[in-house]
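Across the two complexes that follow, chain A remains constant while its partner is chain B and subsequently chain C.
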Partner chain A sequence: MLRGALKELLRYPSALAGLLVILFLVVVSIYTVITIPYSEAIRLWRGGEEIWGDVPKLAAPAWFNHFTSKKRPLTIKLTSQDEGVESNYAQISDDLWVDDTTYTFDFQYDEFPQEVAVTLLGTFTEKAPYVSIVWVKPDGTEIRLADMAVEGGKRVYRASQDEKLGRKLKLPANASPLVGLFAEDPQAEDPVPMKGTYQVRLEGTLFEPDSTLQSKLVVYGTVYGWAGTDHLRRDLGIALLWGTPVALAFGLLAALGTTVLTMLISAIGVWYGGWVDALIQRITEVNLVLPVLPILIMIGVFYTRSLWAMLGVIIALSIFGAGIKTNRAIFLQVKSQPYIEAARAYGASDWRIIFFYMVPRIIPTIIPALVTLIPSFVFLEASLAVLGLGDPVLPTWGKIINDARDNGALYQGLFYWVLEPSALLMITGIGFAMLGFSLDRVFNPRLREL
Partner chain B sequence: MTTMTQTAPSSAPMASEKNVLLSVRNLKVWYELRKWGFGLAGYVKAVDNVSFDLHEGEAIAIVGESGCGKSSLMKAILGLVRPHDGQILYQGQDIFAGGRAGLRWYRSQVGYVQQDPFGALPPFMSVRRILEEPLILIGMKNREERLARIREVMEEVKLSPPEDFLNKFPHMLSGGQQQRVVIARAMIRNPRLMVADEPVSMLDASVRVEILKLLRQIQEEHNLAVIYITHDLSTVRYFSERIFVMYAGKLIEKAPTDELLWHPQHPYTLALLNAISDPDASNARKLREVPPGEPPSLVSPPPGCRFHPRCKYRIEGVCDTEVPPEFEARPDHFTACWLYDERFADRRQALEADLQFD
Partner chain C sequence: MAEHESSSSTVQTQKRARPQSTWERLLRYTVVRLVTLFITVVIGVYLTILIANMGGYVDEIRRSQIREQIAIRLQNDPAFRALPPEERQKRIDAEVAVEEKRLGLDKPFLVRSFNYLKHALTLDLGRSENMTSDSGSRQVRLILLERLPATLVLFGTSQIVLFALTLYIALYLSRHYGSWLDRLFVALSPLSSAPGWFYGIFLIIVFAAWLKILPFGGMVSVPPPENPIRYALDVAYHMILPMMAMTLSSIFISVYSWRTFFLIFSSEDYVEMAKAKGVHPRAIERRYILRPTLPTIITSFALGVIGVWMGAPIFETIFNWPGLGRVLFQAVQLFDTPVIVGATVIFAYLLALTVFLLDIIYAIVDPRVSVGGGQRA
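And now, the complex of A and B:
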């Protein structure tokens, strides 16, 4: 019978589409859980500068470049150990060594990068190495960016924070110093970056024989990865990927938990009748007027924001929902069927009648309802996260939207930040809805004429 | 309860009367009427003071119109409702006295054939599963053993070859086949008593006779006691030896089948028999005399004889005040009607004149 139902189901194109969407989500979930284990995902998502320092902030997905004529820069990251980076170490005198490093990179983009950062790491015992940073534009213009001693072993130079540089290059009042570094004509009304080969020369001077100097150049682009980054430089891809299994698990568990428990409770109420039924009905009626979301918000604020605690509360609050009433209507009809009387007459126990004679009758209506219920719980979880009650540890779709909202993503034109998780939520909803409606038609033949 | 034992538990007392399988004593099935969900507002007296004995291998018919309490009587006999008062003795033992285990054993001794064969079969179970259920419930664990028994019974109810039907679902079967499955389910535990509730009223006329013949055949082969409940007097002659006529919760006439059909004694029985339509062209123009009014309310039935408001032979001052006892109007023919009291022999003539006319 089940095989027949499946065959019939596949005759509906919407069911096939829904199944493909769900299959896609399931594959993504499995892939995610295998490639990024839970602990790794948490580490990455909660990590700070040490993990995400070289990633641009609020960068759009890299594939944006395929759809625009103005190419936005990717991030260029070079270290002194990399091939193609020229180093020149020489002793000048007894207590003087030079260590020059020249970074060369090609820049062929139509927009300015976000930031240029030079990180200097020096080792010394008494006298710190001294470094001059020189910027060479493709047309040969040299700009001396900074002269600094690597005090404390580590110095970071960030061009965007270099106010002196702006004055030195006579830039307009609110132009970024980066315009000075990249523009063909920095004073122009609408400056464009100069394309070509840039050089960054680090002229290091060491004062001790064992002293060393290492460095790193990062030219932060404005696009990153397949999903972009957020305000904490984190790759949104991780949250989008991990949001999938979390959403599916949450939706499925919540839908399964409420549907199965609701079904059993209403069956028990109908079968035993009397005060059992009356009690269940009164609890349901009271529970139906209780607002679920405010209760969840209260629990989130005062008690816990853990996703699994929320799941439990949602199930507990949804068990005595409208489902009790609709199931009851069906069960009352089933209970009066002659075959129930026959089962009692041949001695079937109460539990046997409930599980083997009443429940199978409601399964065909339960399955489509269950499938369409899954996305509503996914959305509920997202709603909670958007309201700031998301799980504090787990990355979820709702939390991305919440972060985006908190950081004014839409005011800043960072549409990808909101649209990516929203699109996934919508795809999930549509996929389950399409499957659910088709299942409804397969299992409830009366709907087929419509 | 591991095997299909045919004997009562050892604690059962010996049958009080030899040959009596089921004895119904002063049975009252009253349903409570509640006010505001609690507080007793009265009773629906569906079965009121009914007594009869059923002998082994005997088939009786209980006849009455809808709402007369015959279904409640049947449910009490099946152990589905607890009587308000009175006893149902199976082999001399009260069926409710033995607790849950006793009731379970009793139920394994009783087969139940229902009215609507499609409703009586769970639509989501195959024939095989439907027939397995009663066997599982008496603890027959071995699958092969169950299947063998199922095949045996299916052959008996002429669902053969069984393989053609085992994996079918009820909606794939015709009405007659469905009713055969119902009969097979009733027979699968080798019961000694069968309760048949209008077993053919929902079937096509073409298969009614076959099903009745089948029931008759099974009854004879297994020496089965049968309680056949119907509102249709035209089918009772097929296999019942005695007929009980029920009206408003009481048995008003008990007699062997032919005796009752040819010599009805109670005015209600007479009216019931008059209402049978034979396929005769002259019937179309004949105006039938039917008792006026409706069957009485079972919450507050009329005092005295319950039929008296509709009875044209009623004796004022007697029928409307005193409940008639059973009179043996003819040998082995009992009727609860004051007309058969010697005091009112003169009033009986009007009725007898009507009986002659028929």
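And now, the complex of A and C:
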């Protein structure tokens, strides 16, 4: 019977589309769980500056560049050990060494980068190395950015925070110092970045024979990766990928748990009848006035935000839902059928009748309902996350939307941040709904011709 | 309409010795439903209290409130202020102990839980920890009731509009079965798997952030217009996006299921008979299709309304709508326990009220409903 149903199901284009979407989500989930193990995902997602320090903040996905004529810069990251970075180390006198490093990079973009940062790492015993940072534009203009001693072993120079630079270059009051570093004409009304080969020269002076100097140059772009980054510089791709197995597992488990338990309870109620049935009916009525979302919020605030605890509570609150009434109506019909009486006559036990004679009859109605129910639980999880009650450790789609809203993504025009997780939620919802509706038509022939 | 009333009352006279008038039937039904629903609400609120108090939170709220009240009262007493600090502390502790005993906080939990139930049912919801109402009160009841109209305006209006719109489109599609519009609605029905707030985000992006023709959220402009008519228009202007979001998320599936339902009904024998008799199509629709399906439609509508109610906290948060749901969200962020518990209780009441109202409407439209909880003849 199932094979026939499947064959018939595939005649519906919407079922096929739904199945493809679900297949895609499953493949993504498997890929994610294999390539980024659970612990790694949590480490990355909860990581701070040490993991994401060299990634731009609030960067759009890199593929944006394919759709605009104005190319946005990618991040350029160079360290003093990299090939192509010139180093020049020489002793000048008994207690003076020079260590010059020249970074050369090509800049062919139409927009200004977000930030230029030079990190200096020095080792010394008493007197810290001294470094001058010189910026060389493609047209040969030289700008002295900073002179600093590498006190404490590490210094970071960030151009965007260098207010003196703005004054030195006579920039308009509210212009970013980066305009001064990249613009063809920094005073222009609408400055454009100069394309070509830039150089950053670090002129280091060391005062001890064992003293060393290492450095790193990061020109932060405004696009990153395939998914972009958030306000904490994290790659959204990780959360989008990991959100897939989480959403699927959550939706599937919740729908399965709810449907199966509802079915069993209504079967038991109908079979035993009397006070059991009445009790189940009354519980269903009470359950109808229980405010589910506020109760979930209460549990999230007072006890736990763990996704799996929420899953349990959601199942517990949805068992006695509207499904009980529909199932009950069907079971009442089933119960009065002669084959049940026959089973009773040969001495079948109550449980045997419930599990082998009643439950199988309702499966065709249950399967479409189950599939259609999955998205509502996926969205419920997202709703909780958007209310700030998402799982504390796991990255989920809802949590991305919540972060985006909290950080004003809608007001700042950072639409990718909201639209990416939303699109995935939407695809999931539509995929399962399309499959569920087609299943409904296959299993309920009354709907078929309509 | 009249024909139906009479035909159904003949059914009842056959069953009952004494014929019942619609109003009598309705009154008895209302009273019975009210009592059952009240019991249901009591159980629902009691469950809410049990959940809230599992970690002793309600107790903590009560204790800290008592301590605060006593401290404030004693601060105003000059004799108390003259006491040395340890003495003052002792005095407060003693008074708190007396007050806790008076309120029964020293009693076992079972007894106390019924006390809380009484407070919750009489809407004696205590005082908030941080939040204040717009008039500056810290009474949880005031904070919540002040926001209630905003929620009712938004959800009431949109549900009524949605109901009428859905019914109209569904009837239209059942007449034009198989047309491109019909197929469009069927094809778009999976869109309804996403909740309203989700479409809200899209609509805000398109109409507020991108096109800049509608507000991001809120209920009135700042500052609110003084003229009442302009105020109402301003509220209506702010309601466009939330209503669109609600409509988008539910209209396709409801139209689809209702139109299917109408189609099934229009192939009934008596409808065919009426068609053969030459009854006007509109009259067939009204009398033979709409009338008998109305109870089912109202049930599905009721479930829809309840579903929307449940989503109010997040929906209002997305649209910054100053309603009950948003208060709940703010309370969550400020960790204001009394407000969270109070809002949950009010939501339970609202749900019960919705169920009650729809039960009554159900009883009015379905003459077969008799006392005893929706039994059908």
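Throughout what follows, the second predicted complex is superposed on the first by the 450 of 450 C-alpha atoms of A that agree within 3 Å, B and C clash if a C-alpha of one lies under 4 Å from a C-alpha of the other, contacts with A are read in each partner's own complex, and residues count from 1 in each chain.
Here is the rule we use: a residue touches a chain if its C-beta (ideal position, glycine included) is under 8 Å from a C-beta of that chain, and two chains touch if they have at least 3 such contacts.
None of these values were measured; they are calculated from a predicted model.
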Fit or clash - chain C, chain B, common chain A: fit
First, second, both or neither for A:W308, with chain B first and chain C second: neither
Contacts of A:Y38 with chain B and chain C, given as first, second, both or neither: neither
Touched partner set for A:A322, first chain B, second chain C, both or neither: second
Vertex chain A, arms to chain B and chain C (CA centres, degrees, nearest 10): 50
Partner chain(s) touched by A:W351 [first = chain B, second = chain C, both, neither]: neither
Touched partner set for A:P360, first chain B, second chain C, both or neither: first
First, second, both or neither for A:P338, with chain B first and chain C second: first
Chain A residues touched - chain C or chain B, whichever exceeds: C
Lowest inter-chain C-alpha distance for chain C and chain B in the superposed arrangement, angstrom: 9
Intersection of the chain A residues that touch chain B with those that touch chain C: none
Chain C-facing residues of chain A, complex: 14, 18, 285-286, 288-295, 297-303, 322, 372, 375-376, 379, 382-383, 386-389, 401, 405, 410-411, 413, 415, 418-419, 422, 425-426, 429-430, 432-434, 437, 446-447, 450
Complex interface listing, chain B residues touching chain A: 37, 78-80, 103-104, 107-108, 110, 112, 114-116, 119-125, 133-134, 137-138, 182, 185, 189
Chain A contact footprint on chain C (complex, rising order): 36-37, 40-41, 43-44, 47-48, 51-52, 54-55, 57, 177, 187, 189-195, 197-198, 201-202, 204-205, 208-209, 216, 260, 263-264, 303, 306, 309-314, 317-318, 328-329, 332-333, 335, 337, 340-341, 343-344, 347-348, 351-352, 355
Sites on chain A touched by chain B in the complex: 278, 337-339, 341-348, 352, 356-357, 360-361
